[in-house]
Every structure is written in C-alpha cells, then in structure tokens.
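Please find the structures below.
Shared chain: chain A. Partners: chain B in the first complex, chain C in the second.
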Partner chain A sequence: MAEMAVIKTPAETALSVAFATAKGKLPGAAALRETAFKRFETAGLPHRRVEEWKYTDLRALMRDAKPLAPPPDAAAKARASNAGAAFAAVEGRRIVLVDGAFVPELSDLAGLEPGLTIRSMAHALATGDAAVATRLGQVVPTDNVAVALNTALMRDGVVIEVAPGAALARPLHLVFFNAGGAPAAVFTRSLAVIGKAARAMLIESHEGVAEADYQVNTALEIAVGDEAHVDHIKITGGGAGTLHVSSLMAAIGAHARFNEFLFTTAAAVVRNQLFVHFKGEETVAGIRGATLLNGKQHADTTLVADHVAGACISREVFKTVLDGESRGVFQGKIIVAPQAQKTDAKMSAHALLLSEEAEADSKPELEIFADDVQCGHGSTAGALDDDLLFYLKARGIPHKEAESLMIQAFVGEAVDGIEHAGLRDTLIDHVAAWLKTRE
Partner chain B sequence: MPAVQETVDQVRRIDVDQYKYGFETLIESDKAPKGLNDDTIRFISAKKNEPQWMLDWRLDAYRRWQTMREPTWARVHYPKIDYQDLYYYAAPKKKDGPKSLDEIDPEILETYRKLGIPLREQETLLGVQRPANEDGEDGEGATSGNGAERRVAVDAVFDSVSVATTFKEELAKAGVLFMPISEALQEHPELVKQYLGTVVPVTDNFFATLNSAVFSDGSFVYVPPGVRCPMELSTYFRINERNTGQFERTLIIADKGSYVSYLEGCTAPSRDENQLHAAVVELIALDDAEIKYSTIQNWYPGDKDGKGGIYNFVTKRGDCRGPRSKISWTQLETGSAITWKYPSCILRGDDSRGEFYSIAISNGHQQVDSGTKMLHLGKNTISRIISKGIAAGKSQNTYRGLVSAHRKAKGARNFTNCDSLLIGDKCGAHTVPYIEAKNASAVIEHEATTSKISEEMLFYCMQRGLSEEEAVALVVNGFVKDVLQTLPMEFAVEAQKLISVSLEGSVG
Partner chain C sequence: MALLEIKNLHVSVDGKKILNGLNLTVEKGQVAAIMGPNGSGKSTLAHVLAGKDDYEITEGSVLFEGEDLLSLSPDERAAKGVFLAFQYPLEIPGVATMMFLRTALNAQRKKRGQEELSAPDFNRRVFDAAAKLGIERDMLRRGVNVGFSGGEKKRNEVLQMALLEPKLAVLDETDSGLDIDALKIVSDGVNRLRSPERSFVVITHYQRLLDYIVPDVVHVLSKGRIVRTGGKELALELEAKGYAQYQEEMA
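After this line comes the complex of A and B, so read on.
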C-alpha cells in the first residue's frame, strides 16, 4: 500500500499560487499564516471521505479559486452605501465591510459607548497588536481546514472589545457587503472580546449585489467572559457569495449567557460551522437556526458544542425548509468531557421537505464521557402533515396559504427564541418574503 | 422478586474473573499452517472438497483484500493486527463422518454441555431416534428449566468447523435445509452459488473480503416457499484454539412466503492474547418471507485490565428482496473486547419491513461500535430501530447508524430510538446517527438520550429493601425490556441473566 501521489485540484493549485503571491502583502502574522497554510496544503480541500465534510464536498463544490478581492474602490463603496438597510428596525450600530475590507467612512463609529472599542483587524495585524496576537486562533483552537485557510489568507475584519461590566445599549451590526465588481475571493477574520459581566449583541449580515460571484470564507472568534451576556446572530442572505464558508469559534466563561442564531436563505452553497466551547460552569446557551432553501441551493450547518465545564445547559434547535432541488445538511455534535458533570444538553434538528427533489441529511451526535448528565437529541425529516393541511383547507384557507402558515409555524419555533423584538420581526418578514417566492 | 433474587445469585456465583465460559477444551486439532497466502486458501478449499468455482471466488477475494485498507472510522482502538500471525483454519481432529455422537469427540460435547447448550438432541445424533412427540426425559435438566418443550435445532461450530447439526431429519421433512455451509456446497452447490455474496459483495469491506477468502464454515439455511420452519434454528460458535481467527459465513434464504427464526450464540476461552472473529451473515427474504435473526454474543471480553478478548468484526446484512418481506435483527452484545458490527437491512421490495433491536453492554475495557443501516429503496418500506446501550467500567459504547430513504422510496417510514445508560464516570456513551432523506414523502424520526440511573430511582428501590446491586439490576432490566421482549422466549431468560452478569462489579 504505497502512499499515493497527491494530485492537486485546480482550486488547490490556485490557492497555493494565491498564497505565494499574496503573503508578502497580507497584513502581519506571517508565521501564523505560514503554519496555517501548511495545514491546508497537507489536508487539501475537504471532500466527502473526510467525516466532517461528508455531505459538503468542498473539493467538488469548489471547481476553481477566485482571485483575492482588491481593496474596494469608490464605486464599490458607493454600491455599499445602503448596506444593511433591511435591518433598520434593529437600530444597531452599523459597521460596514466591503469586499472584506473595513470601511470606517460607511460605519457608524460616532459616540461609542464607554468600554467599547472597534478597530480594523488589518491594522491590528499589521501593527502586531499584542491583545489580538495572543487571542487569534486561540479562542477555540481547531484544526479545521476552512479555518486554516482563513487564517492563512485573512485580510481584514473587525476587532471588537467590550470592557468588563459595560453594557451596550445598541446592537452592533456588522454588514459584510460583496460589491460584486468581478469574481473574487474574500477572507475576513474578526475577533470579539466581551469582558466579565458585560452585555453585547452582535449581528452579522452577509449580503451583496445579487450577481456577485464570490467565494467567501469568514471567521469570527468570540471570547465571552464570566457572567457576560452575549447574543450573536448571523444572517446569510442574497449576495452572500456563490460559495460561503463561515466559522464561529466561541469560548464561554462561567455563569454566562450565550445566544446564537443562524438565519440562512439565499447563497448557492453555504457552510456554517460553529465551535462552541463551554469552558466555565453554569452557563446557559441557546443555539438555534433556521434555513430556507430552494432551487439548487445547498446549506450545511455543522455544530460542535463542547462541554468542558460542568453544570452548563445548552439547547439547540435547528429548522430547515427545503424546496426545489435544494439540499439541507445538519451535523451537530454534543461532547461532554469526563469532568463536565451535570451537563444538560438537548439538541433537535428538523427538516421539512416541500418537493420531491429536495434532500435532507442530518447527523446529530452525542459523545458523552461523564455519567451524571442529561443529554438527548431528536431529528426528523418529512413533508407537511396532510391532516393539518386538510384541517386548514377545510376551514377555507387556500392550499398555498395553508402551506405558508404551517411553514411559518415550523420555522417560528426557532425564530421565536430571538430576544430582540426588532430583529425577530425583521426575520419573520424575511420568512414571509421567502414564502412569497414560491409560486 | 424472584427474578431479582435469581440475578443476584447468578452474580454471586461468578468469581472475580466474571467470564464463566473462559475454560479451554483440550482436544487435538487440525490446523492450516500459520499465515495467509494463496496456499492457505487452497488448503481450506481442499479440506472442504470445494468445487473449483468456490476456490476461484476465494482467491479473487484474497487478491482484492490485499489492495484494501483496514477501516479506521469506528470509535475503537486496538494495536495493529498481524494477519500473518494467525491460524486461518483449525478443525477438531475427527475420525470418520460425523453421523453419530460416538464419533464426535466427547470433549467437545462436554464443552457444549458446560455452555448450557441444548445438545440434548444428542439422542437424535446417537441414533436413538424417537418420534418427535415423545419427550426426551433424559435431557439436560440444567438447561430446560422452564418446563416448556424446547425444540431448537442446533448447529455447533467449533473453531473453524461445524461439529454437529441436530434435528436435521425432522427439518428435512418440512423441506427446510439446515446444515453447515461446507456441506451445502457439496449437496446444494446451485443454491449456494446463486445467493452467496449477493447481499455482502466480495469487496464490501476489509473484514468481509477477508472472510470471503478464508471462511471455513458456518450455517446454511434454506426455507422453501410457503414453509413455516417448525422450530427455532440456532448456531453456537466457539473459538477454542489459540491464535486462530474464526471466519464463519452464514447464509439464510427464506423463499416466498416462508418464515424462519434463527439464533446464534458465541463464546471463547479466556486468553491473554486477542483473537479475531470476522464473520459474514447474509439474509435473503423473498416475497412475503420473514426472517428473525437473534444474536447473543458473549465472546470473551478480556480480563479486568483489558488484556485479551475477542475482536468481533462482523458484517451482517439482510436483503428484503421481495415485496412485503420482513427481516428482524435482535442482538444482545455483552462480550468481545471490541465489537464492530452493523446488522443492516436493504429494504428493496415494496412494503418490506426491517427491524433492529439491540442491547449493547460494555464493561471493563470493552469497546463497542455497533448499530445498523436501514436502506429504504422500495415504496412504503418501514423500519424500526430500538437501541439500548449500557456503558460501565472504563468502556466506550457507540451507536452508529444510518437511515436512508432513496428517491424512489415513496412513503418510507422510520422510527429510531437510541438510549444510553452510563454507570460510573470512567466510561463513555456515544451516538452517531446518519439520517438521509432524499424524498419528501419519507418520514424519518430519530431520538436519542443519554443519562445515568437516577439517584431517585435507586433511592426508591433501596428504601424498599433492595441492595444497591439489586436496584441497579432492576432498573437496567427495565431499561432494556423493550428489546428483551423481542428475543425468542427461551433465550430471553438467559439474556436477562447475562445482562446482570455483564454488569457485575460496575456498582459501588
């Protein structure tokens, strides 16, 4: 059994070339980038034989690698001037990144609350900012290939720090806008450090001009301090890229509250990876998501909830609605370490198939090494219940409308978990808008 | 509470070593030279006097096996197996044809007697053939405790070879063929050729391919159309020789409208080294047929420090080939150092049905990675999975399963329930289900829980006068009840005792 010669795909070769030519120009962290890229080169693009990527074969889905996006010009910035408008009801502090570059002039940086700092990741990397250097890649260490690629090629992003005890009055709304001049690859890396007993809400919306042929690889590291309360919501909508890979690495301290929500509609291929690390005791976390797909869209949510400390409570609820020839993937793993006694973790993943061609793949996993725990998961896949449809139709509700009602109720179970009323209403509207697109 | 008392008595009888089947039988045996090459395969094939096509089939499997790699995806860890350091064939030395009990080595009979296997059909073998309705009073009192007439046809496999098959004549009257596969190759080669390897293809996986190359014996069952097999069929596997691998191959064919219930049991001596067991089981159910396959697996699990024990790497698969056919797997896994086993159903025929009921108990340093695959291909196919995993000591217990509804499997339906129970804080219980829905009318439900025996439950039982051990036994029996009920009655009692024994030493 001789070792087989490694044959690189065109995309892998293109990435190697891109890294070789760009590494001199990318801001700072040269050694970190070099090691990360080596990891990528050894592993190659993940394919279906790699367990974590079983249902999202990047090697097949990524036929080529787009050139790295150039810094946004005036025209691109002009196109982004209205970015994030769909979330006006949230009344958040808007922070805009165009083609992966932080654009202060489009961002609302006036009158920052005491204890809040926001700066550019590119600047922090270039100047070798010690606070960033010690955290980067260390919040939740992972050997994930997509994260490695991000580390190697990251260009910009934001660094957010919330001082201990500070409570942000307004949500921070990070708008990642793809201006779509030419096909491009965007690598953003952000870091949020939320101090002890601080309170913050972070919204990420990924959007762009509809025809943007972008490959996006975005990553966010969040360090949540003890007793802090953090909400993170990521919305992946139209223009988020033809291939959108996102990684969230969150480490949560003791007695904290953490709420995560993923809302995914458009984008051809989406992979949302969540690595949530419970490192302090008695934390309560809710990790939820809703995905609505049609056409040939493909969305993959991969979650690893790692309970290292005991007595934490985690609830995961994921809902996927699949129409057309779309494919929804859910992989959720709950790990309970031997010392994490009294963990209470419940995960549920439900898929609703609206068409004959849709496909739902689900892999909920439990990996339990402690005995005094309450852990469970449930997963279902199926069509709308005929009896319920009949019930509604018998009361004079037209077929399509009855379906819409049931879909809204199905997704509602996850969306209702969002505490911010403005955002919740906005997402409910998003669901309604998606339902309108079904003829 | 007699059941509980019985359990406790049983537990007390067992010494520290726990494993009561750990004895070794000293008999002479015929072995192939150590190691694996074309000659070993030719040797096995020649010993069995096999037709040329069978030898070619084996050699082809061996060639393909050499190009394959050992799978590493399961959550089990073991030192690399040296496949050249094994004996691939060991047969008890026998004199002539095994037509009567006289010619079966008394040592072997003694072995089976110790195992408590109902070889009281010995009389049949002895030629003391009585009409079936006349009770054999001189039967083994130790095994037929419940008074009910136990009519179980047994095929006993010792190391690599089948040593005795009972009730053959009565079965033959009904038209049922039940014999060692080596014999079937002589008597019904056309049936074997038609079905062998059609469910588990030669190149299915590393261990199945190895088995295809070197399998030495196993059971063959054919139930003709419309026949309801008049008794339970059963095979007892025993590994005795040192350094041998056991590779048996079971092939069961239920022709149109027939029914058969089959049970296998397994034991091995306690030894320091690890022994390999790589079996293949193929089930084929044609139109309206039903096969019920039960396993009580109690291979030697290794000592309390995790030394020794059997590597149980088994491929079991059933094919519901005809419409309205049904295959039901029930397994009680208590033994083996490592279990790697996924009895599966291919639900090909419309309206066919697959079931999987499993109790997997791990204690000491055992590692279990087991589960099932339900592949829904036909319309309105139904599957049901109930899996109960109990991890104690320092063991790791994993459920790994796949439920897949294909494009054309309209109206497919699955229900899965996996519960794990943890006893002690050094063990692990894991659940890895794969759910693939490729059409909208399929309904798939999966639920899993992991927890420990609650303090409240124990307190409640102990407050009423049960000791902690009794209380745990009671709770565990309740936990696995759903699955125990699906075992054939005679074996349910045995299984219940086995569960308690397996958990011995896990409390306190």
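After this line comes the complex of A and C, so read on.
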C-alpha cells in the first residue's frame, strides 16, 4: 500500500530545517537525537485527534517554529542577574539557565554540600559522560512526541547528582530565564539522580521578560532512590506570549517520599506533562498543582501515574482557577499493574470558573489490573457559591475581597501540601498577586 | 427617629409574592420579636434586610437611621451596623475563622474610616468573646463552621455579632436545631450584647426562645405583613392558641 503523503505544517517544516542545520553543532548524543527526530517526523506535531493531546492541539497552537535560541550574550545574562529573586524566602541554591544555557557565573556553586554535584548537560553530552548516557531517556521511557523533540534538539540543562545518604540543607533552585532579545526556541534537558536515602528539594522556576516571544520545550528526568525523600516544585511564569511545553519523567524507588507540585500562572500556552513511575514498594507520593489563568491563556496538565510496584500511596490534587476566556485542561491517568497490589491512589481535579467564557476540561482515568487496591477519582467544575459569597458580604467583606478569600481557600487545599513553609508562603503571595490583577 | 423603618414593603421571589405591604418600626435599643407560621415571610424579611439579591423589591422603602438601606450592597449595610445571624450558617472550608473575623472586622472599620486593629488587640478581643461563649481556640483556627455542630455554628454567629458590634442584629430562627443547653448559651450571648445603643429583630416560630431573650415588643407576621403587635405576653398567647386565627383573618 502506498504511503500517505503527509503535508507538513510550516512549523513542522521549520523544525526539520532547524534540526538538519543544528544537529552538527548540538552537543553529543548524535544517534539518540536522530532516532528521536525520526519519531517526531513520523508523528508530526500532536493534534486534537491524538487522544493525549485532544485538548491541546499543538499543531494548531504552533503556527511557526521560532529559531533556536543563540547562546546568551552579556546583555541577556545581565537581564537575568535578578532572576529567581521572587523566591528569596526559600533561601535556595540558585542555578541559572539563560535562554536554555547553563550560566555558572550567575549560579551559586560555592561550597556544595558533600555528595552534591551540579554540572552542565551540554558538557556531559559533548564528552559522552557515561553516567548521563545510560540514564538519558531511560528513567521513564516514553514515545511522547514532545519528549522526542526535546531529545532531538536539547542543547543544555543541568545534571544534578545527590549521593546516597546525603541530605541537602538548602533547596536547589533552578531558574530558567527567557531573556527575550528576539523570538526564540529553547530546548533544555536536565537530569537529577537522587541516591538511596538522600534528601533533596528541587525548585524550578520558569521566568522571563514580559515581552518574550518564546517556544520552550523543557524536560527533566528524576531518578529517586529507595528511601529517598524528594520534593520537586515547578513554577511556570513569565513571558505572556510564551508557548511552554514541559515534561517530567520521574521514577521512584521503594520506601521513598516524593512530593510534586506544579504552580502555573503565566505563559500563553502551557502543557505540563508528568510521567511518574512507582518502581518500588511502600512509597508515598503527593502530586499536586494549582493553576490560575485569565485572558486567553491555556494550560494543560497531563499526568500518568504508573503504579508498577505494590503498596504505594499516591494523592493527586489539582486546582484550576479560570477567569476571562482562559481554558484549563486536566488529564490524569492512574495505572495499577497486575502485581501492584495494595495500591492506594486518589486523584481529584477541581476547576473554579470565574467567568462565563472560561472553559475547563477534565479527563480522569483509572486503569486497574490488580484486584486488591483502593483507587478513586473525583472531578468538579463550577462557579463560586453565591450563598457563601453572600455570607461573607453580610459580614462586611466587599464582593471582590469575598471572591478572593474563596479563591485562596480553593487553591489553598493544594498549596497547603507544600512542606517548605517559605515556599508555601511565597506561592500564597503569588496567588494574592494574581488576585490583585482582577481588581 | 426610629433605627429601622420599613414602609409598605412588597417583595417577590421568582414571581411569587412573599412580603405584601409590610410595615415595621424598630426603635433604638428595642428588642422586637417577629413570630409567624412557616411561609409567612420571616426569613425573606431577614434576607432582604441583609441585602441578598435573589429578592425582587417591587414597592416600599426601608430606612436605617433615616437612610435608604435598599440601595446599599450587603457589605455596606454591614459596615453601617446591620448584622444577620443566619438560620443555617455556612461552612467555608479553607478560610480559618480567625482570618474570616479579621477580614470582616477590618473591612468594616476601613469603610467607616477607622484604623485596622493591631494583631494583639484583635486576638485579645476574639479570645475574650470566644471564652464567654465556650468556643475553644482550636475551633477558631479551623475553617469557618467546618465540622461544627448546629449549636457550635450558632455560637459562632453570636461570636461574630459580639466582635462586629452591630447597631441592628437580625436573628433568623436562631433557636432552630438547638437543644436546651445550646439555646441557653446562645441566648446568654445575645443578652450580654443588649444595650440602649443596639436593637434586635428576633425572628422565631416558637415562643421558647423568647423565654430566654425577652422582647420589648412582639409582632405577628402572616402572609407577608404584620397583622398584630403587642407586648411579650402576645408570645404566650400564640403558643397557646397557635397561628390559625391570623391565617384565617387574612384569608
């Protein structure tokens, strides 16, 4: 049978040209890149007839492909000098990437705790670092097209290793800064390997100048060892015109604790994909998120929590607040393998619609192959309760303030799951700042 | 000048007429009981005074300290000194009672051009008032009314009243769902707030509450208007004879 002629979109064509032009200059992993790009070329940009991308039609949303970002110049680095300052209360170790390139001179690399190493992904790829090569793309293997594109075009990122038993006193704060000189595409790939019984907190904040016209494809692989305790918090902000696609591949060992939190308020289009693999028994995980959107923003959270090992507990709580003509998407799938008995997984997704034009799409799925499990999901979408608003107003609280109180309470249920008090307070302030923009 | 003056008030809900030319005057410092059978319009009157917007006011006026109350939003009415104790206080998960009370009090103070209360000053006021009502500090840290019993919710209403110090408190069936012990605690709380500067409209179906909160005047509401006014002994008469005679008179 003759192969169907596939007509490429301008963005797909531009990506093919970009790959052909850039691949000789991209650091290392040539074979891996070629295979990944073939995967992308075969599939093309995902569109609404691809179930995983049903609500976020990347083919329609990406009218063009921006040129690959050049290495940041002095001016771009200067603009990034204050990046991450909003999280000062966290007192983290700041690691700065500007336009996708790791910038050691802006990063706080002095006095690393024993057992902690931080290096450039570009360098690791260029030198064929064996520890990275064996892990890359292998933490949670996926044929996801956005991940394939990331693998093909990844330029830099960070490689973090925390030795077994090491406990990091300070959170690691990865600041991804879009300097916004000209429209650009940024592909970053990072890897974190957290050893057995180690303790680490990883914060990712994606920031940028307001006018940045960027396409960001960022991916992080985290391997969490047995008995380790890892918190990962990703904050997506900055650059009102930005298209931001993010993938997290996390594999969790046995008797571990893993807390994931996604906080999203900015960018024009956001797709946060999470692939969480429960590889060892009796791990406890919280996977939560809060999204606040207005205008014409679109944010999609797509989660696959794959319980391969038994007796793990996972709690998924996602809250979305939608104003204006924004659209919030939640797709959450819990898979329980036949051998993963005694799995306890509960997922909830709630959307609050503040305007008539806002839209919430929710698709929870359970795929359970074991017979002795406790799994459930709940999903709601609705407006603020008029009777509750009246109760608050009858006590003297003006309408907008009453709405704000209720919105804070709504997202609070998710934000309260963050263990770090400084970060929790910072995000509560972020919510308050977002609410101020409504007034 | 009377504190509250309602003249010829006509109110409909979803096209159905509930209040039908109601006239009522409440003097400063007066405790006025409004008694009436189910469906006579008692709760509608309470909600209209507080400013709930599901009600269509087709005719009449409500003056509070000589000012048009109906043109004000619910929060403006609260800042002027109108307080509604809800028949069914709502639960607000995620909003701690302390936070709720501080936001409410400071919003009212701000609207009246007063300074916000300092945290220690505020805390002291809340803890004092709560102790008098037997409200544990732990309850103040929890979400508003979340997991509270019926009695605890009503005590929480009285706590809010004590802090907000209204000029007019409208108690909508405060006795509903209370056992005798809870009724006593709530009534004692209300009685402590009685003063020549504060008026009460006590809405109830039963005379029982009026044994504890003794009114200066009793009004009988039937089919959307006040049909009889008398002293506190009128409540006893109603308890003995029921509301049937008033419903027939209207028919």
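What we mean here is this: the second predicted complex is superposed on the first by the 433 of 439 C-alpha atoms of A that agree within 3 Å, B and C clash if a C-alpha of one lies under 4 Å from a C-alpha of the other, contacts with A are read in each partner's own complex, and residues count from 1 in each chain.
Note that in this section contacts are C-beta pairs under 8 Å (C-beta built on N, C-alpha and C of every residue); 3 or more make two chains touch, one makes a residue touch a chain.
In this text the structure is predicted, and so the values were computed from the model without any measurement.
Peer 1: Could you say whether A:P338 touches chain B, chain C, both of them, or neither, answering first, second, both or neither?
Peer 2: In the superposition, A:P338 contacts chain B only.
Peer 1: Please indicate which partner A:D73 is in contact with in the superposed arrangement: first for chain B, second for chain C, both, or neither.
Peer 2: neither
Peer 1: Determine, under the contact definition given at the top, whether A:D64 touches first (chain B), second (chain C), both, or neither.
Peer 2: Neither: A:D64 stays clear of chain B and chain C.
Peer 1: Once chain A of both complexes is superposed, is A:A381 in touch with chain B (first), chain C (second), both, or neither?
Peer 2: first
Peer 1: Which partner chains sit in contact with A:K393 here, chain B, chain C, both or neither? Use first/second/both/neither.
Peer 2: Once the two structures are laid over each other on A, A:K393 reaches chain C alone.
Peer 1: So, A:G412: does it touch chain B (first), chain C (second), both, or neither?
Peer 2: second
Peer 1: In the superposed model, which partner reaches more residues of chain A, chain B or chain C?
Peer 2: Touching more residues of chain A than the other partner does is B.
Peer 1: With both complexes overlaid on chain A, does A:D429 touch chain B (first), chain C (second), both or neither?
Peer 2: A:D429 contacts neither chain B nor chain C.
Peer 1: Quick check on the complex: what are the chain B residues that touch chain A?
Peer 2: 67, 69, 73, 407, 420, 422-452
Peer 1: Looking at the complex, which residues from chain A come into contact with chain B?
Peer 2: 1, 51, 338, 341, 351, 353-356, 358-383
Peer 1: For the complex, give me every residue of chain A touching chain C.
Peer 2: 387-388, 390-399, 401-402, 405-406, 408-410, 412-413
Peer 1: Considering only the defined contacts, which chain C positions touch chain A in the complex?
Peer 2: It comes out as residues 50-53, 73-75, 77-79, 83-84, 86, 89-90, 92-95, 99-100, 103-105, 107-108, 111, 143, 160, 164.
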